[in-house]
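Shared between the two complexes below is chain A, which has chain B as its partner in the first and chain C in the second.
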Partner chain A sequence: MQGSFFRRSSAAGLPAGSGSALPALLLVGLFFIVPVVALLLRSVTDPEPGLQNYAALFGSGTYVRVFLNTFLVASVVTAVTILVAFPVAWMLAIMPPAMGSVVFGIIILSMWTNLLTRTYAWMVLLQRTGVINRALMGLGVIHEPLPLINNLAGVTIGMVYIMLPFMILPLVGTLRAIDPMTLRAAALCGASPFEAFRRILLPLSLPGIAAGGLMIFVMSLGYFVTPALLGGTSNMMLAEMITQTVQSLLNWGLGSAAAFVLLVVTMALYAIQLRLVGAKHAGGGI
Partner chain B sequence: MTRSFLSIRAVRKTFGAFVAVHDVTIDVPKGEFLTFLGPSGSGKSTTLYAIAGFQDPSSGDVLLEDRSLLSVPSHKRNIGMVFQRYTLFPHLSVAENVAFPLRVRRRPDAEVKRKVADMLALVRLENFADRHPGALSGGQQQRVALARALAYDPPILLMDEPLSALDKKLRQEIQAEIRRIHRETGVTILYVTHDQEEALHLSDRIALFREGRIEQIGTGEDLYLRPASEFVAGFIGNSNFLAAEHLETAGGAATIRLADGSIVKGVKTTQAFDRGQKARLMVRPEAFRLTPGPASAELAVEFIDAAFFGDRRRVVMRTAGGEELDVRPTSDAAEPHGPDSGRRIFFDPAVAFLFPA
Partner chain C sequence: MKLILTGLLAGLLAATAAKADEMAFTSWGGTTQEAQTKSWAAPFEASSGIKVLQDGPTDYGKLKAMVDAGNVTWDVVDVEMDFAIKAAKDGLLEPIDYAVVPKADLDPRFSNEHAVGSFYYSFVLAWNKGAIPGEPTGWADMFDTKKFPGKRTFYKWSAPGVIEIALLADGVPADKLYPLDLDRAFKKLDTIKSDIVWWGGGAESQQLIASGEAAFGQLWNGRVFALQQDGTDIGVSWNQNLTAADVLVVPKGAKNKDSAMKFLAAATGPTGQAKFAEASGYAPINTKAKAEMPADAVKALPDAHVQGQINLDMNYWAEHRDEIATRWYAWQTK
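So, the complex of A and B:
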């Protein structure tokens, strides 16, 4: 269906009904393109014309560390999300539809719950005197509270939880398209469940993993609330840094430069994904 | 009892209160081509799945060379299988699909390469090694699936309606291929189909399933010429059934009275009837003659329609009792009677069968 749509649009120049897309295009132009250009201008003009903001950004060890930490957190969150989401998605894909829609409902419901509420809930669970630590100490599993908050572990737990639906949904789509008979065939060919997973299921689900993974990585790069509440000062992320630069230091130029770098990195990643898996799969799973 | 190669012993499969397979027992000698034939839902696929390990039977056992397969997981059964739907791995080339079972067995590269070449030659797809399954026709895909299932020399090959998604001409072509491959490899094949022509064409023996039981098992000739029940007679080949009343039986030959009152002597039957019991007489379409022969019974009929089919004619007639008859004399037989003529057709009672009504 998608193929025929593209054929039609290229033959006619513009897709039929593109006139009705005008309000949306206008909206994007006015509230996205214009501010981004303004941001770019600000980063090279504030406080005076030149590239000194970018020089400061890449010249300072602190800022470079924030960049690296941002990538680290985004990578860890993406990897952990994929690992957690895959079994859930597989279960959903093979479940009877009636039961599947109940589980889907639970997942979607969690997405609809307010982000701050969910993050505060994690704070209650993860802190030194939180539910998890007290339960583990009560059971005698540990004697000292585990450091679960204000560090990478806290950020990872909080963000993976928020990102899970964005991985599960595209992955379920991909997995459902795989004929379960293919896996039976693999088993009769002599493939153990692990071999069948490694040689058949995993390669066939890569488009879904790539689509979900990229989305999560990009969303994680610019994430603010969860790292700010569950993360520590030693592993600050880019969005937090931008907020501080602009709000506390009132350095609009430097903040704009950091924001623009983040945007460029995101766009570059998307371009790579398009090249690797093709436009059909990039972000198309949802 | 002789030691058989594959032995299905009293296999029973229930789904809740529904019994899908009732205590099916079959012994399969090595190298046999055995077909499970039957309408959908007759338990033939369920029995096959018990052998493949996809569904454990509720009771009973499956033995291969006297060792039970039931506790062996699918991937260790070393059985080949071709499925109804195309189950090739879409991300692998044709050659890699065929190589897959050898790769998971960690066979050396040289052996894999040689075996893949052999298998692709066997199914005559040497020039398609580097294609992906998506670029093949349905028939080609099933031939690759066949090559993949035979690559590791399994002792048994299971085929679950492998041709049902193909059109008729292609089906016949691949049936011939399957026969040739069976001849060349000597592999034991269990084949599931609902198509009786396919079963007759391919098999050494046919097990005809009905409602979870085996109605009759035997060669195609057995089932066609000596059907054990009206169901078998109706399922294998074309049949005409005429209402009849049983008068007496002596030495396997029954005397009956047809609806028009005529008496027919010497009808074959394997079952016991009471005097006056209602029965059904089965006559194959090709058993009817347009001219009287020695010892033939006759029927008063009315001509309805005729068509020419090359090797045979097909004539539709109606008895005085209103029963429509499918009559297929060879095409070199006399011209069928025109609409105005033709009052009688003839058949040899020795090739007609009597079943309880």
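So, the complex of A and C:
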């Protein structure tokens, strides 16, 4: 990790080719860095200079609860996504390329569909009078509709579905890079398939899992539409709470403070991941 | 590089700069804004030559940010009345120029120094006839899970309405509602909390009731009206219907203030109000409007149900908005 770091930044401070990165940097600077600094300033100056917004934030049971809930939802979504994505990624990695590209196409296709449309489709499927509950009740499997919406289950289902491509794609890259011979070697040495998975495949794919997992966790932290439509009020996430604080209470100071805390937590997580898996994997395995 | 940027910025500025023959109107989208466009903006454009750009949805945070930043791109905004009272106090609104906007026929309940009525509406109890045993007769039935099992739907955000409904259902007389007893209201709401599905916007409330996902709920009368127009089998009780109003305001520093005032005059005039009321089922705030409406359209208005009607206290809410909202979200997220 250190080696690569020094290599990249060796020549007189700036790496070669950084001139062509200028528009992108300018864009990030103007439309991200400047607003973030403005946000930070607002959180310590609105309505008056001081840290009262942060005191209010951590002193409020509501905000603390919504914070914890946001992390709970993001953790559950990340864990379930990894579990669902891994077999798919593995299948893609060992599939013949022609078939693999068809499956890839299907996965990518879902990403092209409008997020709101997909979330509404889930509402139609999951609600008490929805397709799933009607079918199950029609078949006599259940007698009361299952609570699939307006709760953690609804948020998890809707968000995992949206996040899956973001996990599968980096994971396929990682898995393809693993030499299949290592698994054969493990089998020859007498390892059971599970043992080979646990001691060879899993550790080798960990960078991909960590990269995808972190991306999903971070994306989930700021999610708005899906939890708002598929979750209940007791699953309210921070983004929705910030919106309420700003839109209806006009409390830009408190809203900014909450947004800034979320940003700091996200950055901290990113730093942890850099340490854990190394900078070259942090941007995703593909 | 610098030249290109400067050019771009200049172009942007030119594009957003106020033009004498244009103004921006912002409302809540959906069927309401469509009716406002058709009933107010289109005839106004034809008679004045001023083009009315539609924007939305209304966002109070954005309105405040615009005023604070001194870059106001909205000229007339449709807002809830309790917000308008609070916003006027915070210095976010221009005073209404009643030399341009005729005041004589406006319902005095819904107009003041900084806001002129847009329309008024009632919260009513509506139900899906196929999803409920019998007919609920009042707010108390929404809290009776034995007689009426299943999900019920209420307005999600902290706003006049739900608190009052809980108190009325708990037996508080209509004339003793204010000051609101929040402890009592939340205690009452606790009894049905797990049976509540919240609706965040009008379309959602219609979808919940029409699909039977929620058997019954507290809805805006205009949304019930639209469902009935579509032929959905919806029952409605006007018993203790709760009125609140939307008002039109001009944000402080609006670039086309003069055009805005002229637009307000047209929107609140008897003809504009009559047309909008007919299209939306919401009540006009101009007392002369009903004379211009067909008789059956008048029957669908909250005006036809003044018996037992309760006016939500906008001044009380304007004063206690933040305090109630803090309690509301604390309770809701628990």
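What we mean here is this: the second predicted complex is superposed on the first by the 274 of 286 C-alpha atoms of A that agree within 3 Å, B and C clash if a C-alpha of one lies under 4 Å from a C-alpha of the other, contacts with A are read in each partner's own complex, and residues count from 1 in each chain.
Keep in mind that, in the parts below, a contact is a pair of C-beta atoms (placed from the backbone, for glycine too) under 8 Å apart; a residue touches a chain by one contact, two chains touch by 3 or more.
Not measured: the values here are computed from a predicted model.
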With the two structures laid over each other on chain A, which partner does A:L204 touch: chain B (first), chain C (second), both, or neither? first
Q.
Tell me the contact category for A:T233 with respect to chain B and chain C: first, second, both or neither.
A. second
Check: Is A:L274 in contact with chain B, with chain C, with both, or with neither (first, second, both, neither)?
Finding: neither
* Kindly classify A:E195 by the partners it touches after superposition: chain B alone (first), chain C alone (second), both, or neither? => first
Per residue count on chain A, the busier partner among chain B and chain C is C
Handout entry: Which superposed partner A:W252 touches (first chain B, second chain C, both, neither)
Key = second
Message: Taking the superposition on A as described, I'd like to know which of chain B and chain C A:V66 touches: first, second, both or neither.
response: second
Touched partner set for A:N150, first chain B, second chain C, both or neither:
second
> In the superposed arrangement, which partner chain does A:A186 touch: chain B (first), chain C (second), both, or neither?
Replying inline: first
The intersection of the chain A residues contacting chain B with those contacting chain C is none
In the complex, chain C touches chain A at residues 59-62, 64-65, 90, 151, 156-158, 197-198, 200, 211-213, 321-322, 325-326, 329-330, 332-334
Chain B partner, complex, touching residues on chain A are 179, 181-182, 184-193, 195-196, 199-200, 203-204
Listed in rising order, chain A residues that touch chain C in their complex are 60-62, 65-66, 69, 127-129, 150, 228, 232-234, 236, 241, 243-244, 246-252, 255
Listed in rising order, the residues of chain B that touch chain A in the complex are 52-54, 73-81, 83, 85, 87-91, 100-101, 103-105, 145, 148-149, 152
